[in-house]
Every structure is written in structure tokens, then in C-alpha cells.
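Order as written gives the chain letters A, B, C and D; numbering starts at 1 within each chain.
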Amino acid sequence: MSSLGPILQATNVHKRYGATVALDEVSFSLYPGEVCGLLGENGAGKSTLVKILSGIVVPDAGQIVIDGRAYRPHNIIEARARGVSTAFQELSLIPTLSVAANLFLPRPKVNVIGLVTMRAIEEETETMLKEYGVSGVSPSTLVGDLSLGLRQRIEIVRAMLCRPRLLLLDEPTAAIADREWLFSLIDSFLAGGTAILYITHRLDEVRRLCKRCVILRNGKKVLDAALEGITDDQIFTNMAGRSVVEAYPVRESNIDEFAPPVLAAHQLSAAGVNDITFDLRRGEILGIAALEGQGQSSLFRALAGLERLKAGSIEVNGKPVRLRSPHTARDAGIVLVPEERKSEGIFNDLSTAANISIPIINQAARFNFIQTGKERQIVERAAALVDLNNRFLRPNINALSGGNQQKTILARSLLANAKCLLLFDPTRGVDVGTKHIIYQVIRNFAREGGAVFFFSTELDELVHLCDRSLVMYRNTIVAEVRKEELTPHLLLSLAAGHKIDADGTT
Amino acid sequence: MNQTSRDRRRPLPSSLFAALLYVVMFVIYSINAPSAITLLGITDLLNNTIVLAIAAAGLTLVILAAELDLSSVGVIAVSNVIVATVSTKIPAGPFVSLLLVCSVGLLVGLINGWLVAFLGLQSLACTLGTMIMCQGVALVILDAPGGEVAAFIMNRLTDTVFGIIPVAGVILAAVVSGWLLLRRTRLGIAIYAVGTDAVASHLTGINVKRTKLGVFGLAGIAYGLAGYMLSAQTGTGDPRVSNSFLLYVFAAVAIGGTSLGGGRGGVIGGVIGAGILTVMQKLLFAVGVADFYTNIFSGLIMVVAILFGNLSAILTLRQRVPLIRRPNREYSVH
Amino acid sequence: MDNTQSRTVSFTMLAVRPETITAVLVLLATVVMMLAMKALNPTFGSMGQIAAILTTSIFLVIASYGQGLVILLGGIDLSIGVVMSIAGMIIAGLTNGSNEALVWAIPVTLLSCFAIGLVNGLGVAFLKVPPFIMTLAVATAAFGVALGVTAGSSQRTVAPALQLLMSAQICGIPIPVLLIVCFFAAGSLLQSRTAEGRKLYAIGSSIAAARIVGLPIEALTVAAYGVSGLCASLAGMLLAGYSSGATLDMGDPFLMPSIAAVVIGGASVTGGKGIYFGTFAGAIFLSALSTIITVLSLSQGWRNIIQGGIIIIALILQTKQWYLQKMANRRLTGQGLANRALSQTSKV
Amino acid sequence: MKKFQWLSLIAVGCVLMLVRGQLYAQGGQKYKVFLDMSYSGNIWQAAAANGIKALAATPPYDKLIEFKTIISGTDVQKQISDIQSMIAAGANAIIIYPLSPSALNRVIQQATSRKVLVFTYDSTVTEPSAYNVSNITARYGANTAQWMVNQLGGKGEIIFNHGVAGTAVTKTYDEQAYHIFHKYPGIKIVGDFYGNWNDAISEAEVSKILAAHPNVDGIWTVDGTYGSLQAVIKNRPNRLVVIAGQSNNGYRLMMADPAMQTKGLKGISSSAGPAVGGYAFKVMMEVLLGKKKLTGHNIEYPLPWVEAKDLKVCDGERFENGCNVFPEGKVPPLFLDTSLDPNFLPELTLDAVQTGNPTPGATIQPLSEVKYADNLPGINCQDCKAPSDALEPNLVTPIPVPQ
């Protein structure tokens, strides 16, 4: 492919925020018809690079050339005009607008008198969605009514719609469970000679898609090479600047078979889930495998006391409880680590420390007056559990990376002396190092007799961490797989709704 | 943004509930005051409604874009005194003064927009500033009630066309249809987008700043128009438009079912809201509520109206995907 | 494990909360304003005048505290003006010129206004009525009731002790000034140092997260509006004492300023940000401004124009300061640059 | 679930209203008389309205009329709407505190063209078919200013306490007062502010100005007089001022207090009295009942004019044999003594103007001839000429300008 000239050639791209160098003299090029993986931990500069390429951020120095012409966009429109389009990690969709309206933002087609003809673009959307294999979405639904996964698909489709020369995919599979959909789309795209820059944390995807990968660390390019001939270990070493093996912690399960289950549901039904029955014992890690929008998030919310039950019952330690609110759930020792970190996880305006201590702040207070020293002790103890550097405790939490924010939320959950953690995809958009820590936290928690209810979009995690895994399909549990039988393939096929004969399923 | 969709699971437009409430109130009113359904009665009612309605229409735009605007009172005062001082003095006064007030409104609106969008000031605070300034300007132009409004404005705009349709009704219809068009333009869609999620809008390539600027500008024009219509009502200039009016403009928008958090609702709701607040006075009078009881009932009706509007949300929230709620809006003033 | 460890991180800016910087800036602005005035008109800015400014600022200082708490939750309280008036009417009506009566009259007044606040809170928290409407409606209705009961103006005399309180001095310092100091201390402690205060910030910052963490959102919301009612009633009683009489419209001039004070003080109307020090500074700023406006012999029109202009200028200065603070936060760590860059582009 | 509760709640509300409405409809064959008051809640408005209410309930009126009060607040539009409603409801007479001299003209025409009697009190309208009863034409500004000048001997520093910015009354009085003060080069206006007829604001502003100008000799006010004086007493207890203004009971008591006088307090108690409301109402009723024919449409209510020497403390519930101020503690200091008027409104006692209840045993007394007022263009007439001496005092004789 090097015979063809590069589509994009970036030389010495440089960007600094205040005193921080986000991108340091980064140079690389992309060739027609190739998928180039862009790897790096959070804060390595990936997002900054994406934003520069898509015209949101203007670099301080360096030049970018596309198809031989200098490229210096000042907004998305200009970028698109040069054939660069992006599917963003933090989805750029408007919940209150219909799918159709979203697909054609910011400049939907207008008729002679400058009016947007909804029917026309909805019809067009209809065909587009078919063409791109997105099913079960009416063009007129509000994006807000769609599941996260569907929203991500729409985001991707929108980026592809304008047939770009250069396509940027930033964590495109963060919320998508069946990735083959995306992979096939990408393959079909490459035929057209488009170059794709593929940002992800998931190595297997890189291996599956890319010939070449670029690795950033602390804003510098540390590796730019063809993938064959590089071991995973090398890649991680380059990303983290040290050797990390993405080994799942080996653990012998120590489930307490005798004590009554920490959490048990009987024919539980609520908005978005029906007839759920399972029990979860001390020391057990129970996984949930499901494609997006199969009711898992509703189930989690129901267990956390965020949804009213329509039917069925929940037992904690053998005693039936009514979880009217998350508050009562917490009192019962059930703590949720929510799906939407930004809106439901963190308190944007508070310091990291305050974010951790908030649920038990009264313990740090005498006569309701907070004793800073005591609070610090508590917080630092919790931070240690999740290996969160004390340096990050004082600043505002939104100055932290996704990974560290997730650690903060875990620390908070552990503080509220939880008996049972409900983890909803805790490793989404989190770098390898943090993932590793999260695994350890989960394991330790279980070893000390806690119970974990664990949903992940990464089947490997379920396979390696869980003692059992339930599979949800169409808002209910369709199968239960024992540890010995756990394989990604089995989980996926079950989650996709295929009936599996005998082996494993109960 | 219900109009972009014919989807069944969508919450019914809460403006619809407001409309329902309006009908109920009007019926009770007309039962108690037969003159209500005479042409004169209707004309009077519309004339009383229109100022608030147009102002509310303007404010709705701003609120849809998740901003606040207190400047309405100031702009109305300024344009009122302008009309009162100019419309009789110069040739073609009515039309010239109309242009004048619209451009003054536009100017103030653009200043607001600039302060909010480009300097990043909090809209509530800086529009409070512009409001005070505008009231000052009004006092400078006219230091006491007086001046006169061209007879043409006074008579034509408060009258009926062909003796059957109240002019105020025609103007309201114009405002509403103007909105129906705007709603379908790129700007219209951008307003909802920005109001819902400014960051995402920016990522999709919508020019957030310019959208907000435009919104404030349009709102300013609306306030100017409202002031013009007020002059038509009063036939005189009065530099003092009370702040109670300001609060009622907001009440009208909220009662019309526009979420004060932005992104949800529409101008029609605001107009209906204004209608409700106006017919409320008439209704209370007609059923014999007088003296201080009026205040008590007004307060009550406002809350009931809101709860009534909330029905739509309540009815539909049940089957909506829970994750999509935008809870951090729940208590926001916006 | 953190790739940012290598980076040099400056904590200097973080030692102080950004809101504190705002507050200090606002106070500075006040001083500058006064000095400028003094330059124009030497007789201005005597000790006595400053005392007068502080004395008359007490109503705003107290009323805006409650407003601040409510705005911290992303709400707003439009009933403050009316509640102030009602408090004045009640205290005058109950004491009717006798100091003995104060002992029980004050609690009664506080309680009844607290009740009005609670109604606001309940409506907002449970009926989910937008604060704007709820408080406006309650204000309208409460005014109606008061009107019915009192026929417009209190026909009683305010207890002399209350009047004395507002006029007397202790070793040269007017008592109101001392009151302001105490109130300020207590207020900021309660807001910034207590567990419940911390929870208010959390709720204002993100209701969704607060619910998942299990904070008592409804209870605290109701409480905040209740406190707002309390503050308004305190301010109202003092106002009645100050003007030795109560009318049902005497509180109205304080509504808009109470909001302005909070926002000028650096709070965000969407909640989660702002400290009482800021609000306090805002209140002082506004009453100093009004004095200056008085001293300028101008027609009311020009006075308004100048007043509005100065408010806007103050706000502009404030945002510039936020900008500085952003830089500081960035300096802290390169992480989260993306959302930062975004939030900036979208905010501005 | 919830929604049904709400719906039912609303339904109940509607039914209630309907019922009330029906009751109201069967009003009977009395004259329908409406009081449309402006923003209630300040002492002046309350006292005026109470006076009118009390009179409306005093025999024989209580049998003759069906009386209703409407509060239009500060919103001209609402006032217009309310008056329209009154016309629609078949009013025979409407007495208004108008929020604007000209904004109501159209709707007043609507009323008068339907033979509805329209009176205004205190504030006026330029609509010739309405009757204005007010003392705005009585040259309060000129007279009080001249009185102060005389007391000050033509020189001194004074504070000027405007009323409400942007109102006709304030503009008129200010013109007159400035006209007088500017005649005397010795008079320096060292500070002026808009006290909004409000004692709290006035007190605050005066004390701020006093701090900057310690040697103020006089304060001119329209209202907020008591507050202004309080500020002086608090900041400068031993040196008081010459002051002109309202008729607050507390103010009158201080005027009469020898101790205060020795400290230099000289006061005049004048300004518009709430009794004008009751007076206007009685005139309107006499016209309505055909007892009186009016030749002009501007009627002047005599300007109250009480100096220290004229003050006499009352021991009863009403102003009898020349007494004109209540003892301390009987009424709050801000109480307006001009709420009562022994000459025109003998029916009213203290209780009446405080509660709006009629005085037991009292019956309506006939009025003497009315005094017609000067024209003031833009105030009480449109295309008319003001008297040439409109800016000159007519109650006090000016002292010569000191050389």
C-alpha cells in the first residue's frame, strides 16, 4: 500500500494546555485502505489527537497534510469538507432529537425555502440504517429512547454516512457487545480506499483489524510499526512505559455455600425486566452476559432500588427486603457502580476526596462538623484499596482521567461497607493499568466474603473473573453457565439468543 | 421535540395539556361571563394576552437553548417609550417605530447573546444587568408617563379585520406560524440540540455560540414587538413596566410545558401559557373571586397548571428507558 | 501506574477554592469602586458612610444566604421578598410595641416563615414543580393571605428593642455590623464545613449520582427552602426594626438583588458551585453600588444605566477569573483534557 | 394514579368556581360599584381602600350598592383587563386608583360610553369623560418647598427625596420644588434619591447621604418622611432638620415634641392623604344617586397643611374638635393621620380606616360643594393649558431672595 501516497501526513503536531503538553511533536501518516490502531493509556493524548484531526481543537504547532493539501480545520464542518469524519467516544448525539435529525446534523437537507423536510430525511434514514445493518430503530425515535449500544451504532453510522477519506473511530466498541457488525462494516469500507484511525483499549480488536499501530505515551509517539512481529507484551510495555501483563488474577473461588445468599431475586419483574430469578452467595462473583439493551441495566437499577418492582421479591441474607430507594439498598449492603459514569457516577463540582467520602461523610463529622483530618484518613484508606494516588484526592474530580474517576467510584462503593457490589461494566473506557486494578479490587472484595454482581461488555472478563455467569436475552435470564464451561463463544451465542443444546445451559 | 417524530412512545406534548387546561378555564369563564364569547369579549381577551404571549414566545426560544433572559421587561419598556415618543412625530411613524423597536430589541438581544455566548457570563445575571440598563434608558427617554402613540397603532392593532377576526389573533397566528417555520429550519433544530447538550452539539459541528447569539437576538425582537403591542394597548408611554410582569413571562413559559432546563418544549406552549395566565384573571373575576382572594387563587392555579402539564411526563416516563432521564435537570432553574 | 506521575504538578492554586478567589475579587472590586468614587467626590467614603453601607447591607446579606443555599441545589427562591414583608408584619403585629412579647413573637415569626419555606420545598421536591413557579406561586398566595389578614399595612408598632437593635452601637460599632459578622461566620461554617452542607453541594452537582449514593435529596431540598424562609424572615424582622414599621411591599426591593448577590459571588445557577463568602461579597458589593448610585446626583435613568453596567462589568471580571482557575486546574494534570477542552468550548 | 387525583382536584375546583359564579350572578338589583385599587400592601393604599370599603358598608350605601374590590397590582395591562371585566359585569360606577394618566383612557371611554361612572382618586387620568378627585393640582411641591425656604431663611444644604421615578406625581412635584429651590442661590441640594414613597428605603438613603454631608439643614420629601427623619435622629440626635412631608402619626408627634423642636426640628405635615379615596367615593356616590351634578371633571381635594403649632393630640377614636394626631402607641408611627378627615368624612373612625369595617351607628353625611381643580396638561387633561403660576406657591408667601 505504500506504493500509494498517504491520505494523511501529520508532522510534529504539537498541543499544550496551560503547562501540560498534550501532544508532543507527533508525526505519522495514514495510507488509503488501511486501518491504523491508535493505542495509549488515558491521557496519553489520543483524544487530543482525534480532536485536532476532527477540527475541534487547533494544534499549536506542526502541519497536517491531507491528499497533498495543507489541512487546518477550525470546526467539524471544515474537517468534513476535507473528507475527515469522526465517531466520538463521548457520543455526540442529541437525546431530544430523532435518529433522523441526528444522522444529518449539523446541516440536514433543506428545501427551497430553507426548511428541513423531516419526512424526506426520515425516509433517507430508513434506507441508510438498512444499508448499515442497524435494525430495530425507527428513524423518528428520539435518540434518548435508545440503548447506549444503539446510540453508539448511530454515532458510527453518522460518521460513515459522508463517505469520508479518513474515518476516526474513538472507542467505537465501548458499548457494543457484538463487534462483528462493526468489523464487517469496516472491511467493506476499506475496499473504498478509506483510511481508518482506530482508537481502542482492546488489543484483540487491534489484532483483528489493524495492520499497523501507533502508540502514544504522555503525548509522545513511542511506537509506530506493523503489528505482526510485535508481541502483546511489547505493546503494553510501550503503552504503560513499563511491563504489564494483562493477566487476569488467578483466584480460587471461596463461595460460602452454607450462609444464606447475600442477594437473591425471585421472579423479579420491573420496568424493562421480567421474571428474573437468581441467588448470589458470599464470596461469589456472578457475571451477567448480554448484548446491549437486553434489560441488564434495568435489572441493575431494580436491584439498586432505583426501579419499582412490578412483581417478585428480593431477599438479602435470606430476609425479604423492599428496596424502595438506593438508600435502603445501601443499608442492606447493596451498592451500585452505575453505568453512566459522567452523569450518575461522579459529582462534577466536588474534589476527588469529597467524591469518595460523601456516602459516609457523617462518620467523619462531629456535631455534623466535618473533621478534615478524620475525613482524610478515611479517604486515604479507601484510595489505597483501589491504588488511587493521594495526589489526585484534592483536585476537582473532573480533572481526572476516566480510569481514575472509576477508581474513585469504586473506592466510594467499598467505603459504604458493602456486602454486595453491583458492577455495571466497570472497565468501560478504562486503560489497561486501571483494568488490572479493578480486577484485583473485585477479587479481594470477593475473597473477603463480599458478593459481586458483574456485568461486562467484555466477555473475556466474565470468563476469567466469574464463578458463574447468567446470560440475559430479551429482558430475562435465558441461561446460566458454570465456571468450567465459561467460554466467550458460548456466552456470545447464548447472548445472541441461540438455544444451546445440553452443554452448560440449565 | 415531538414534531420530529411520529413515534408512539413519545410523551405527548405538554403544551397539549396546557391547551386542554386553557379550554377548561375558558369554558368556565364564558359560562360565568356570557360577554366572553362575544366578538368584543374575545378581542379584549386576545388584546390582553398578546403582549405576554409574544414576550413568552421570545423567552421560550432562549430557554429552549438552556439559557435565561430577564431583559424582556427592560426591552418592552424601552420600545414602549420609543413608540410613544416617535410614532406621532415622524412620517410613517407606525412603521418606522415598528422597525425601530425591533432593531432595538435585536440590539439588546445581541448584546445579551454576546455576553453569554462569547464572554461566557451566566445568562441570569448578565441579563439582569441589561434589564436594569434598559429600564434606565426608558427613563432617560421618557421621565414620566406620557407621549402619545399614533392613532393608527392604537386603533388598528386592537381592532378586528373585516370586523370578524381580532387583529391580535392574526398577529398571534403569525407568531405561531413563524415558530412552526423556525422549528423546521436548521437554526430551529440547532436550538433544541444546543439546549439539550451543548457539548454534543459542538461535537456534531453545530456552532453553539452563534446559535445562542441568534436565539437571544430573536428573543430581543420578540420583546420589541411585545413592547409595540403594549403601546397599542395603552396608547401612551410609561417607562415603568413592573417586574411582576417579568415573573409572569417565565410562568407563562413554564406553564406552557417548556422545560426550564432547555431542549424540551416550544413556543406554542409559551403562548398558551400566556393565555392561561390572562384568562385566569378574567376567570377569577367572572366567578366572583375578588380582593386578596385573587392572589391566593392565582398562586394555586399556577401550581395546578404545572402539575397538569407534568401529567404528560408522568404518563410516559413509566415506559421510557430509565437511563435516559436527565435527572441533574430535575431541580434546575433553567 | 499513573502516567501523569512524572509530570510536575502545582498545587498552589488549589490551596484556595476558586470560589474564594471570586469572592476576594468582588470585595476588591467594591473597594476600587469606593476609591474611584472618593476621587470624584472627597466627601464620600467617610467612616460613617461605610458604617451606613454595612448597616443597610445586612438585609441583603442575610436574605441572600438562603437564596444561596437554594441556588446551590440548582433551584431559586422568588418568595424571599414577600416572606421578608410578611415576617415584618407578623413581628409588628405580635409585639405591638412591647419588648416582652419579643420572647415568643420572634420564634413564632421564624416558624411561620419557615413553614412558607417548607411549602416551597415540598412542592419542588415531591410535586416536582419547577422552583421558579413553585416559589412564585407560593409568594403570590402568601401575599394574598397576608393582605387579607392585615389589610395591607401593619396597624401595630414594632417592639422598640428591635428598633434599638438596628440603631444602637457597641463601642462605636453599629450592632448590625456585629450581627453581620456573626451571621457570616455561622453561615459559612454551616454551608462549607458541615456534613449536610457537603451533601447540598453533592446534590447540586449531580442529582442522579446523589440518588445512587443514597443521599436524602428530598429532605435536604425541603430543608434548604425552609432555611431560605428562615433567613428571609430574619431579614424581614430586622428590616421592620430598622424602618420602625412594616408594610407588605417592603421586602420586594430585595428579591432581585438577593439573586444577583449569589451569582455575582461566583455561584452557578445550575447548582453545585458557590460559597457563602462569595454571596456575602456580592451583597456588600451591591449595597455599596447602590450608595454610590445615590451619591451621584443623576436622574434615575442614568443611575439604572450605570448600575446595570457595573453589574455586567463585575460579571465579566469574574469569568476572566474562572478562566485563570481553569488554567490552574489544567496545570494540575494533563488528564481529562478532552472533556475540559470540550466543556470550555461549549461553556464559552 | 397520581394523575387521577390531580384531575379530580381540578374538577372539584372547577365545580366550586361554577357554584360561586352562579351565586354571584344572582346579585340582586343594587348598583354595581367596583373599587379598582393599585398595588396594595403599602400603608397609603391600604388606608385609602379601607376608607372606601368602610363607607361602602355604611348605611344607606350598604343597602343601595353591591360593592367589590379588585386589586390590579402594578401592571397597567391587568388594570385595563380588570376594568374591561367590570364593564362586562355590568358595573354602574368604578372608582380607580389609576396606574397611568393616559394608558387607561381607551378602556375608560369604553366604560363611560356605556354610561358607567368612572372616578379616579389621588392619581389622575387625562380622559375627559372620567372624574379626577385629587390634590395633585394643589401645588404640594411649590408650597412645601417655599415653606422650607422660609424656615431656612433662604439658605442651607438640603436632601431631596423624590417619590417613584417615572410617575406623573413625582415629575409634577419635583418640577415645582426645584423651581422654588433654584430661585434661592443659598439653597444647595447636596443629595437626592428616589425613596419610592417607602420609609425603609428613605431611611437607608438619607443616612448614607448624611454620612457624606454632615451639615444637612433640611429634607424635602413627598412620602417616606418618617423614615428620613428617623435617619437624622439616629445619625445626628442633637441637630435635627427642617423637613416637609407626609402625615405619619409618629412624624406629627415628633413635630409637636418641644424637645425635638429645641434641637431644630421644624416640620410641615402635608402631602396626599388617603382620605382622598373616601372623598372621591362619596362624590361619586352622590353623582350616581343624582344628588350632585358636576360641571367639571377635575375635582380638587384640599391639600392637608398642618404645622407644629396646629397639632393637637386626640383622646378618642376620631379627629374631633380640631385634634389631628393620635397619642404614641395608639397607632404605629407610620400611620397616616390624613386617612381621617373630620370635615368630609365624619363617618370614619380609626378602626374604619384600619380594618375597612363601617363605624357602628354612623350614616353617610352629605358633602358640601366641590372645588374644581386647575388644569395640568398630561396630568388631568390632554390639550389644555396650565395656569401661568402653576409652579408658584399658593399657601405660603415667599420670602425675598437674601442678597
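Criterion: contacts are C-beta pairs under 8 Å (C-beta built on N, C-alpha and C of every residue); 3 or more make two chains touch, one makes a residue touch a chain.
No experiment lies behind these values; they were computed from the predicted model shown.
Graph distance from subunit B to subunit D, where chains that touch are one step apart, equals 1.
Distance between subunit B and subunit C, defined via averaged C-alpha coordinates, is recorded as 28 Å. With centres set at the average Cα position, the gap from subunit A to subunit C is 41 Å. Each chain gets a centre from the mean of its Cα atoms; for subunit A and subunit B, those two points are 42 Å apart.
Averaged C-alpha coordinates give centres for subunit C and subunit D that are 35 Å from one another. Those residues of subunit D in touch with two or more other chains are numbered 40, 71, 165-166. The residues of subunit B that reach two or more other chains are 138-139, 143, 199, 201-203, 239, 291-292, 294-295, 300, 307, 327-328, listed in rising order.
Multi-chain contact residues of subunit C (touching two or more other chains): 143, 147, 205-206, 208, 211, 299-301, 339, 342-343, 345.
A list of each chain pair in contact follows: A-B, A-C, B-C, B-D, C-D. Residues 1-11, 14, 189, 193-196, 198-199, 201-202, 204-206, 208-216, 272-273, 327-343, 345 of subunit C are the ones touching subunit A in the complex.
Against subunit B, in their complex, subunit D makes its touches with residues 2-3, 6, 9-10, 13-14, 17-18, 20-21, 23-25, 40, 68-71, 73-78, 80-82, 84-86, 88-89, 100-106, 164-168, 170-171, 378. Those residues of subunit C that touch subunit D in the complex are listed here as 41, 43-46, 48-53, 55-56, 85, 92, 97, 143, 147, 151-158, 167, 239, 242-245, 247-250, 253, 291, 294-295, 297, 299-301.
Partner subunit B is touched in their complex by these residues of subunit A: 56, 75-77, 80, 88, 90-98, 100-102, 105-108, 110, 114-118, 138, 140-142, 144-148, 271-272, 297-298, 301, 306-307, 339-340, 343.
Interface of subunit D with subunit C (complex): residues 39-43, 45-47, 49-50, 71, 162, 165-166, 189, 191-194, 196, 198-201, 203-205, 207-214, 226-227, 230, 234-235, 250, 329, 331-335, 354-356.
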